[in-house]
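Letters A, B, C and D mark the chains as written, and numbering starts fresh at 1 in each.
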Amino acid sequence: MDYSQFLVMKQELAVLVVFLLVFLYDTFMPRGAGKALPAFTTVLLLLATAAGFCPDCLGSSCSAEAFAGMYATSPIISAIKNILNIGAVIVLIQSVSWAGSDDMRIRRGEFYELLLVTLFGMYLMISARHFLLFVIGLECASLPLAAMVAFDKSRYESNEAAVKYILTAVFSSAVFMMGLSFVYALGGSLYFSDLYLAMAGGGISLMLVLAIAFVIAGMGFKLSLVPFHLWTADVYQGAPTSVTSYLSVISKGSAAFAFLVIMAQVFGTCYAEVWEWMLYAIIIVTITVGNLFAMRQNNMKRFLAFSSISQAGYIMLGVIGFNTMSMAAMMYYILVYIFSNLAAFGVIGAIERATGKIDMSDYCGLSKTNPRLALCMMLAMFSLAGIPPFAGFFSKFFIFTGAINQGSVAIYVLVLIALINTIISLYYYLLVVKAMYINPDKPVVQPFKSTCSERLGLWITVAGILLLGLASCVYTWLLNTSFLSNFAAYLM
Amino acid sequence: MFSNILIWFVVIPLLMLAGLGLCRDVKQVRAVAVAGSTALIALSVKLLVDYLALRAAGDTAPMLFLGSWTWFAPLNINLAVGVDGISVAMILLSSIILFTGSFASWQVPQPKAFFLWLILLSTGVFGFFISIDLFTMFMFYEVALIPMYLLIGVWGTGRKEYSAMKLTLMLMGGSAFLMLGLIGIYYHSAPAGQPLTWNILEIVNNTIDPGWQRFLFPMTFVGFGVLGAMFPFHTWSPDGHACAPTAVSMLHAGVLMKLGGYGCFRVAIYLMPQAANELAWIFLILTGISVVYGAFSACVQTDLKYINAYSSVSHCGLVLFAILMLNTTAMTGAIMQMLSHGLMTALFFALIGMIYGRTHTRDITKMGGLMRIMPYLCVCYVIAGMASLGLPGLSGFVAEMTIFVGSFQHADMFHRVFTIVACCSIVITAVYILRVVGKLLFGPVYDKHHLELTDATWWERFSTVGLIVSVAAIGCFPNFFSNLIKFTFSPEIFKVLGM
Amino acid sequence: MDATLPILILAIPLGMFLVLGLAGCKMSHKMAGVLGCLGMGTTLVLAYTTAFTYFFSGSPEFVNAAGERLQAVIFNHTWLAFTDKLVIRLGFLLDPISAMMLVVITTISFMVHLYSMGYMRDHHGVYERGFQRFYAFLSLFSFSMLGLVVATNIFQMYIFWELVGASSYLLIGFYYVKPSAVSASKKAFIVTRFADLGFLIGILILSYYTGTFNFTELTSAPVEGMADVFNVSETTALSVKSIFESSATPVFLGGSVLTWALVLIFMGGMGKSAMLPLHIWLPDAMEGPTPVSALIHAATMVVAGVYLVARLFPLYLMEVTALEFVTWVGAFTALYAAIVACTQIDIKRVLAFSTISQIAFMMVSLGVARPEFHHGLGYMASMFHLFTHAMFKALLFLGAGALIHAIGSNDYTAMHGLRKYMPVTHWTFLIGCLAIAGIIPFSGFFSKDEILSSCLGNSTFIYIWMSLVAGLTAFYMFRLYYLIFWWKEHKIPEGHHAPHDQPWTMSLPLVILAAISLVAGFIPFGKFVTWNGHPYDFMAHFDWSVAAVSLCVAIVAIVLATAMYRKENPLPDKFRAALPRLWEWAHHRFYWDELYLFITHKIIFDRICRPIAWFDRHIIDGTMDAFATVTHAASRAIRPLQSGQVQLYVWWYLLGALALGGITMLCLL
Amino acid sequence: MLLVPAMIMFCCGVYGFITRRNMIAILISLELMLNAVDINFAVFNRYLWPEATEGMFFTLFAIAIAAAETALAIAIIINLYRSAKNIDVRDLNKLKY
């Protein structure tokens, strides 16, 4: 067998290398050196990311396949991987001070190893062109997360969250694989390309519809689309903040892209008949339910969980648009969403570390005691709500534009519903701002000094919020890349 | 890029923001605010002069000072700027009100943050007026909206949290429809095969398919109409204005509500005249209602700001009403009404703020005979009232008369009848204005404690005089402004209507 | 003629207003007063010069070869162009009536300026607070009134129409600390505003169909140029009429569009001239300082309505219906006001009602004027009466002012038998009474006589009606005269010194005006002012029968008054007891104010405004809030979904997946 | 026809998951579901698409994954038991609404 084809999966290998180095460091370095582990890992991953951006190093400038077409890569794919990398790096930076704390002394290494493994799994998920590889990637990406959710062994909530997560995750993967078995029965192969042809050939049958429904359910679980989202809030609330932020952005982003890939490359031909309408319903329900729940939350992590559910609904607009423009818009949305959400989680993490407070009611008067944190939080909220000139506005505008590019009247209606929902979301995002800036009660959180890692993380995210939109190059780059990508052909 | 004068209307506020960021104490903040707004006034005057010079030189292009810089190339989004008479007038108005507003908020608490938000807001306003690219227009529009939330929420009074939230959500609700409308326009901006565009001047040349116009016109018109306080979407205005701090009410009623009318014309009607012509009657009824309705409900209010807010509903209703008449005179009147209402309502809110700052009440039943106590402010108030009820020689009269005469020229009986209905507002306006003046300024002093109160300070005199002079200028030399505006409504706008 | 004089005539009062208004508080009272008087004096001279030039220079732009007086537009400056045809111009139109009005306004205004120097200070010579403001407002008013009469187009007239309204508002409310004054000023402004609404709509209709604001084009055929306007031959008259017939103008509620336009415009006139039913503001307007009442509410502003109708007279001639409307409104108002005036106690109110009824006289005589009778004698008569009435009514008001100033009360019960104490006032007042009563040779006699004879020319019924009113006039005026100066000895409340005549600044105007009212009757008015510019000598065919009748009526009335009021006697009470109901109603002015109060407060405020405000707060606003409430309710309602039970989660998950598949399948089948 | 046995297993699994209170029992029913999937793959491969063996391979991998899942789940449940002294799934209701 030709080992050179491993070189096609350069980015996966890079992550593996990082993983191994971290593992070795964690195993063989003396205890004292453990303190440096977070910085070590971050730097390594940062290097990998940087390398990923230059095409002739790790990133792929052209489409390529490996393992008889089980694995494929292309500029757009390495682009999404780089986006995930950036997110992961930021998460690592923000988690430094948490992972550096003493009670993490003995498990510090595991955290990073697990995290890197999930990242690896997501890469596989994205690059897979064969369902076997895809499932492996999926499980790689979701199982270690359960362990990470359970990371605060001593905290009951952490355990409860982990149990809920693992049970529902296994259930959903069972359902998902059941769907896959149907697909197999219909297509006789697990290669996307073969299946695409088979679907194109065969008509619509109950089995196909169920298969698609189950696949959507399985992916919907990871994307936390309603009604497959019920685990989300509990897990986000229970998990350690760093894990929550990782869950909320990275795994969601990767799943979204993988979902688009499956939908386009496997079920692309039955878009109009079957799954456009499924997604249509799911998007409306997701956005609305997410918003309605988010309105009443007090715990910030839970609040952001529901907000991320409704955000997932907006992301899905990129899938239902089902054209290159909307795909690019979706990736852009994910990128911006990563930055905005991580900014919020950065603030939450900092405050939680310093004071242990994570309730919205504790945030009142924050603008007096910690003006900078409050400012970061407000920018994050505005960006999530889609207020110009922050990046969120552009991503929302473009994802709507992309969706409407699909052209049917139904899409106009869908976008209108989504737009009306933005008002509700604006409402609850403003609630946070209100608590921090307007609420006259005396401040709960006393002034404190956030660690330099937290500050660094916030600087990066805020810079992203401010620049990603105004600097048009980002979106332009994504759009051009996606036009280059080989599976633009599958889209309309 | 910076050779284009228009860009500076956005650059200067940004520089002001930067300057404010560096400020250490109140004096510096005031210095920056005054310097910046003075620069803006100077710039807008220069713009006016240059504009008139070009027109005088026989430049008949629909827009002048055009400039376009690519932003999002794939979507053909450009930072495209250009002005015609209307925009020039609006820019002038905005800079005047910003200038006077920054004087009116001389002693605001936390001045640094306040001015930061205020300047951000005005950045949006200026950007909106200069841009002719739908995307940038919309972006600036929303930039102008959101600071209201904090300005009202933090510096406001009364039920500020409720009002701020309500105002923000309703306006954003409007802009939700607006966004859909704009994207829709984008996708029908060019005949099949040609590249789509956001640029107004290009869209107006290749007409939008009438079938889609019927769908997109209401979207955009309602979207902007919410900000234009169109019945029944006006209820944010009374609460919002009542709770906002002085300068914010000034800027909001004076300029922001004009964004609504301006947008209604520039986007909804300018780009989709056929639909406007077909559907005008619906909105004519709505706006006609809000003209009379606002005036009537102003008659029984007791809170000064509520009275003024409802009168704004009535006056801005008149603006939209006139725009929908789709003829040169009425539309000219609409723009003049925007100018005049902007100035005089700003004057009103400034005075109300100053009176409230002294008496700590806005309830007209708890005040009286202030004329003896603070003559200067009260005389200004009477002048503002006279302007508002349309006394010749002040701005209100010329604007309203232009609107009435223009609307009555409409060939259709329905329109003329509605014009007469709208005319009735001048009586009702007189009723509520004189009611306030009589209760508040005249008669015996109601509250003995008010006797110690002082008259206006120098900065207050400064801002009020500035506004009064502008009001009188429009009222005394209307032809200058009407010619400035009229050119834009040259018949080729209505060529599609055969008007 | 060159435009400097006319411009100055308008510019000086305006400048004076600005100077006194802005710098008034800086300068001393006396200074302000002197400035005002000087300014007005100059204006007076200029106005006289202009009028003189117009009437007597005989230059071809004022009078043509046939000796007909023409309209001359001295200057006409574009102010606001709506369309290329509909343009508001600020100009100066010189023609018989405007020249005549220039004289009247400047004369009275100057008298009032002079008079106020004395009136606006108390017995120790201390000037009233806001003295400068007073003069500023007076100048503003003079400016607006002058601008109104010289208007070249109907919109300019509307502009200054509004301005006089505003300045009258300011002057009525001069004592702004007095609640009664405040409400009176408010009432005056709003009532006239309401009338102006009609005026405005009338203008809109007229301009929509004729496509012009200019009087010269409205009152004649739409001819090019300005010359030779007033000779409205039948053909030209028809050609404007043809506009209304040709352009397929709809007939609305039975009236032609022109009728409606004219009636609506006349509504404006009704408001300013306090015709029934819009008269209610004038009596209350007496809350203002008395000189103001003399200037605005007796001599000048209140006749603006008459002037308006006279200005558009040729148009009215085309729609006789409108003219008849004018007639009847005038007739009823005249009678009503005369009856009410007989029962009032406040001397200023008596004068106010007499003003109303006298203006009604002018209206009637305009209404009855027809070219075919005495070449439109009514028009000339009404203008003549306007002139004389201005003089003697101003005289009466200033006299009343002197009395009030001396006694410190508006109430004749506080006066009685003042003739010994205040001889000048007494004699001048008497002259005024004789003039208004129409006793030969006082000016009122001639003007009223012409009015009556033109009424006779139109219909006998109107003639009788108006003669009756003339009799009533004489009666109530002399009732007033006797009650003030005779009735019984004046008793001086202790601590007060005896009332005495006023300083020369106040006496001089009285004397001058008295002199004018004495001789003005002999002015051959027809030579100057006629409806079509043809000089017309009334004396040539003076109708002695009419004169005799009216004279008898007047004398009878005066005798009656003498009998009842010269000495204190029970007759008046008997009289009152004889017709108690009538007296009650008349005393309460037939309850018009109550009616208006009911309409405004009970209906407009309580039945319209409050419901609308309520509707806005609760229905419209409620709906908006309801969205929020519903959202919150929904958010609470779906709370159980997130029950925290893994098994339920999974259950929903499975249901969701199956439903997704199942429903889609159903849709596909 | 081919589906029946697998479907029966799957439904048993679901039923078990939803009714059992003991987490271990739930894990067992999860196993049932996963195995149903495996059977499906095997059956389809054998009867529908016999020429290739993709299904079989998938089954092998699936079994391995199932094992991993179970192990992890057990570990977490034990950990939970440490802190909660109880493995009744219905008592996992601290995080809700």
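Just so we're on the same page, a contact is a pair of C-beta atoms (placed from the backbone, for glycine too) under 8 Å apart; a residue touches a chain by one contact, two chains touch by 3 or more.
In this text, all values refer to a predicted model and were calculated from it rather than measured experimentally.
Among the remaining chains, those touching chain B and also chain C are A. Averaging Cα coordinates per chain and for the whole protein, the chain whose average falls nearest the overall one is B. Two chain pairs, C-D and A-C, are compared here, and A-C has more C-beta pairs in contact (counted per touch definition above). The chain with its Cα centre farthest from the Cα centre of chain A is C.
The distance from the centre of chain C to the centre of chain D, each centre being the mean of the chain's C-alpha atoms, comes to 97 Å. In this assembly, the C-alpha centroid of chain B lies 65 Å from the C-alpha centroid of chain D. In this assembly, the C-alpha centroid of chain A lies 78 Å from the C-alpha centroid of chain C.
Taking the mean of the C-alpha atoms as each chain's centre, chain A and chain B sit 43 Å apart. Across the assembly, chain C contributes 639, 642, 644, 646, 650, 654 as residues in contact with two or more other chains. Multi-chain contact residues of chain B (touching two or more other chains) are listed as 169. Residue positions of chain D with contacts to 2 or more other chains are 17, 89, 92, 94-97.
Applying the touch definition to every pair of chains gives A-B, A-C, A-D, B-C, C-D.
On the side of chain A, the complex with chain D involves touching residues 131-132, 135-136, 139, 143, 146-147, 150, 153-157, 159-164, 166-167, 169-171, 173-175, 177-178, 180-181, 184-185, 188-190, 233-234, 237-238, 296. Considering their complex, residues 71-75, 77, 135, 139-140, 142-143, 146, 149-150, 153-154, 160-161, 164-165, 168-169, 172-173, 176-177, 179-180, 183-184, 186-187 of chain B touch chain A. Chain contact summary for the complex, chain C toward chain D: residues 639, 642-647, 650-651, 654. By the touch rule above, chain A contacts chain B in their complex via residues 325, 382, 387-389, 393, 397-398, 400-401, 404-405, 407, 412, 415-416, 419-420, 422-423, 426-427, 430, 433-434, 437-438, 472, 475-476, 479-480. Against chain C, in their complex, chain B makes its touches with residues 166, 169-170, 231-232, 234-236, 293, 296-297, 299-301, 328-329, 369, 371-372, 386, 389-393, 397-398, 401-402, 404-406, 408-409, 413, 416, 419-420, 423-424, 426-427, 430-431, 434-435, 438, 441-444, 478-479, 482-483.
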